[in-house]
Amino acid sequence: MRKNARAAAIATAGVAALLLAGCSTGTGTGTTAALPDGIPDTVEADGDTLTVWVMQDDYNDETLAAINERFTERTGAEVDVQIQQWDGITTKLSTALATTTPPDVVDIGNTQVAGYAANGALLDITDYRDDLAQDQTWLSGLEEPATVDGTLYGIPGFAGNRAVIYNKTLWADAGITEVPITWEELTADLDALAAANPAPDFSPLYLPGQHWYVGLQFMWDHGGEIAALEDGEWSSTAGSDASLEGIEAWKEFQNAYSAESSRTVSADKPEQEQIFADGKAGAIIATNGAINAILNANPELTEADLGTFALPGQIDDTQPVMLGGSVWGIAAKSAHPDLALIWTQIAVSSDIQVDFVFGGQGLMPNSEENIAAVAGDLGETKIGFFDAALNSRATPASPGWTEVEGANLLQDLFSTVASGAATPEEAAATYDSKADEALN
Amino acid sequence: MTTRPRTGRAFAERRLPPVLLMAPAGLVLAAVTFVPLVVMVFMAFTDYDQRSLFTGEFSFVGVQQFADILTDGDFWAAFFRTIWFTAALVIGSIVIGVAISHLMTKLGGGMRTVVTVVLVFAWAMPNVAASLVWNWMFQPGYGVVNWLLTQLRVFGDMTATDWGANTGLAFTSIWLLVVWQAVPFIALTTYAAETQVGPEYIEAARLDGASEPRIYRTVTLPFLKPTILLVTILSVIWDFNVFNQIWLVSKGGPDGSTSTLGVFTYITAFVGLDLGTGAALALITALLLAAITSVYIRHLIRSGEDDL
Amino acid sequence: MSVVRRRRLGRPSSVATVIAIVFCAVWAFPTYWMVKTAFTPRPDALSSTPTFLPLNPTLENFETAIFQAGFFDNLRSSLIVTVGAVVFAVLLGLFAAAALSRFRFGGRRTILVIVLLIQMIPGAATLIPQYLVFNEAGLLGTYAGLILAYVSMTLPFSIWMMRSFFLALPAELEEAAQLDGASTWQVLTRILFPLVLPGVIATSVFTFINAWNDYLIAYTFMKDQSMYTLPVWLASFTSPLTGTDVSGQMAASVLFSLPVVVFFVLLQRKLVTGMSAGAVKG
């Protein structure tokens, strides 16, 4: 009886082991389909279907239709586009990419791509880099996180960053006539705004304490880094002297120009766009998606009431901004890597980038050349974002970065400092010990 | 074993019928619950992670995994937090639920229907929707709860209070949300049982001159005991593993101070995709929960089986 | 005399009524606030001084919600999956509970303990193992797979819940019926099952809510967006990029909650009458 039980236990353990290992079909990280030598101009793939996963609100229907139309012309294959929600996407993508029938092309945030790349979920596309780049110089903030140990796993799709959005009427009422270029001009303008709007809940520049993207800008401006890579090991460096200086500057600025109630809150509870739209803030720091959110929140505002500029730096001309955005990855286990390469090549081509990604959606294109090509068409609600992007940085290309973001470590770091619950040294020490664990 | 004629054997002694009755549920549980559980237990002894998902590579770490968890200060902090928060949730929802059930017996038909409808509405609201409503009601700057509390002029200006950013407030709003949704099930189940208390017992006690509270304590409560026991143990199990509400309100923050075992496991398994450790955590959680509830489980299993 | 009569009939007391009114006001408020916001135009909803009545009621938010991509597809998926899960969890639970409560056989307590232990394991840890098993079995991306996942999630509770209803029935029932010549199957279907109807209803309600509510399993296990369920549709109202439309979100929450409310209201009456009927017969 006991022997039987032991045998049964061993057998079930064996089955479990097979099941866990079995997902990869034994071929390691490689794909089962044959890879082409270069990206072909055309292939005969009538009847095949390419599955593409796109994150909600990243690309609109027109952009996707334009890509698909060109794709079908070149290949004869159909495209099945599936829009995915943000909540739970890590689980969804990790499990789906592990199966033998994964989506072929996936849209991944540039801060998340390193994890999938380093762990073997995505196809190594280093050999196709030139074919995909099509003579463009990709923005480094998009390409770097998708590059692990010199191997490329992602293709830049579009960029997004933060800049100051300001309420022209309020600024004019405060007697400000020109957009600030230097830190001194900025603080003088914000002081003028504060003087003109004495209400206690008014913020010259509303800056939620958990808005870590802006916190990082201060850190970078003062020469600090959030993490450093040495001999293949990541270490979290919020506690370095330069980083601490930046955190101190963040606190000073936040406390001086944003209402006290904003010290502990996040940028979406309450939404800073709503506060801005209600006239309770002279400016906010947000991505270009915020423009629409503001206009939706207050129908009396029009685009002509809004302006944008890059936040001046205390050290640099403009503060370095975190370059967000999105890259295309191809599943390592895709059955159609050739079709996936062709589709992606179209999606990142100048044609699509300039006419649709920028022209139709107002997003920042993926390369320096494409940005230069659209520079003449920038209105006042776009120019600030493009200016700010000229000095941009990326988050650490560590697979553990997803966990740092997912566990809200940065929110805690910057909000505890802003509220005075911890000194910069204390908060940085707490953060570093947790982030060190996550990064490696 | 001798075969007796069917009519000669007591119904409860039949051998084949229970096997046939159990078979469908047994098969389904074996295939869709038990097999994954075996996989999970196996995983708990390995370093299975996101990379393993894609490559199928992992190695055994054995009991070291459990040793690491059990010596992790964060784990124990989360564990004790879970214990007292579960206690607060269970006590809160049981006391209010049982009280409401008794209240309903004192109401006229019309008012009782109103209470029932109100309870059903709270119960029926899916917890995804309830959490959205909570976030909206408690939103700093625009939330109605902050506005109401400010109008009371007791707590000062609470307009901009962020409930998720303060440990005490975060727990309070999560407690309110969970209790709000838990009370209807408890109240309605208890009420259903309370309507079956024989009126003759109560009448007899009344004729003996017993006071209303005394009648409730000596007649009604003993009758309700099995029901209350069942809903209590279910509440303990559910509240111990409560996750959605905490995640949606505070994400375990600020600084991990509302991170219960459920949140801790979720972050390990789904944010870090450290599946091996997540599985080990889940096993430990289940064992601790089983140990805590073992006395009651024995009681629950024994109760009501006396006739058999 | 009149005092005694009043007590005997359990006439409502005014103190109880007052307490009940306060309780109702508190407990109904979140529901009311959801509905009120759903009927408020978006720009009015977010105001720092809330209005407690929908002064300019609008249906606009519901329009937005219904025409949000996928509502009808996902509603259909939700109905298929939820009804499937309820039917299976209740039927299988009913049979198993009958076996575990009306028959005496070795190992039944062990089975009960195992079933309860399964309930104690956090769902977060079993999701990926279950995904891997379902992947091997070809169940991913199918309604059948999702139904099975929900059945496995709710069956343990379903068994326990219905067992408690079976235990409340006196053992003499079966013996009496057998003397009348009824077979085991007849005893079960004609006598026992009808008597645990309240248990069946309570269990269906529980299973319905669990299946209707789930986000992560539906989102991870299904491949085609038209086969997602309503919680996934509901999540599309929360966008980290373009901001959350609170009015639209609340309108969507109302639409999402409505079928559950209807299901409850229909069954609630049966639940109560079923129980009192059971009490009379028992």
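Order of writing sets the chain letters: A, B and C. Residues in each chain are counted from 1.
In the analysis below, a residue touches a chain if its C-beta (ideal position, glycine included) is under 8 Å from a C-beta of that chain, and two chains touch if they have at least 3 such contacts.
Keep in mind it's a predicted model, so treat the numbers as computed, not measured.
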item	value
Overall pattern in which the protein chains touch one another (line/ring/star/complete/other)	complete
Winner on C-beta contact pairs when A-B is weighed against A-C	A-B
Chain B and chain C, separation of their C-alpha mean positions in angstrom	15
Distance from the mean Cα position of chain B to that of chain A, given in whole angstrom	37
Between chain A and chain C, centroid-to-centroid distance (C-alpha), Å	39
Residues of chain B engaged with two or more neighbouring chains	39, 43, 53, 141-142, 159, 270
Residues of chain A touching at least two other chains	19-20, 22-23, 88, 91, 95, 270, 274
Sites on chain C at which at least two other chains make contact	46, 48, 127-128, 132-133, 215, 238
Residues of chain A defined as touching chain B within the complex	12-13, 15-17, 19-24, 26, 28-29, 88, 90-91, 94-95, 97-98, 115, 118-121, 201, 210, 259-262, 264-266, 269-270, 274-275, 332, 399-400, 402-403, 406-408, 411-412, 415-416, 430, 438
Chain A contact footprint on chain C (complex, rising order)	42-43, 46, 48, 69, 127-128, 131-133, 135-136, 140, 215-216, 219-220, 223-225, 232, 235-236, 238-245
Complex interface listing, chain B residues touching chain A	38-39, 41-43, 46, 48-58, 135, 139-142, 159-160, 162, 164-166, 251-255, 267, 270-273
Complex contact set, residues of chain A against chain C	19-20, 22-23, 56-58, 82-88, 91-92, 95-96, 99, 268, 270-271, 273-274, 278, 287, 289-290, 292-293, 296-299
Contact footprint of chain B on chain C as seen in their complex	7-8, 10-13, 16-17, 19-21, 23-24, 27-28, 30-31, 33-34, 37, 46-50, 88, 91-93, 95-96, 98-105, 108-109, 111-113, 115-130, 132-134, 148-149, 151-152, 155-157, 159-160, 164, 167-168, 170-171, 174-175, 178, 184-185, 187-188, 198, 202, 209, 212-213, 215, 231, 234, 238, 246, 249-250, 253, 256-257, 260-261, 263-265, 268, 271-272, 275-276, 279
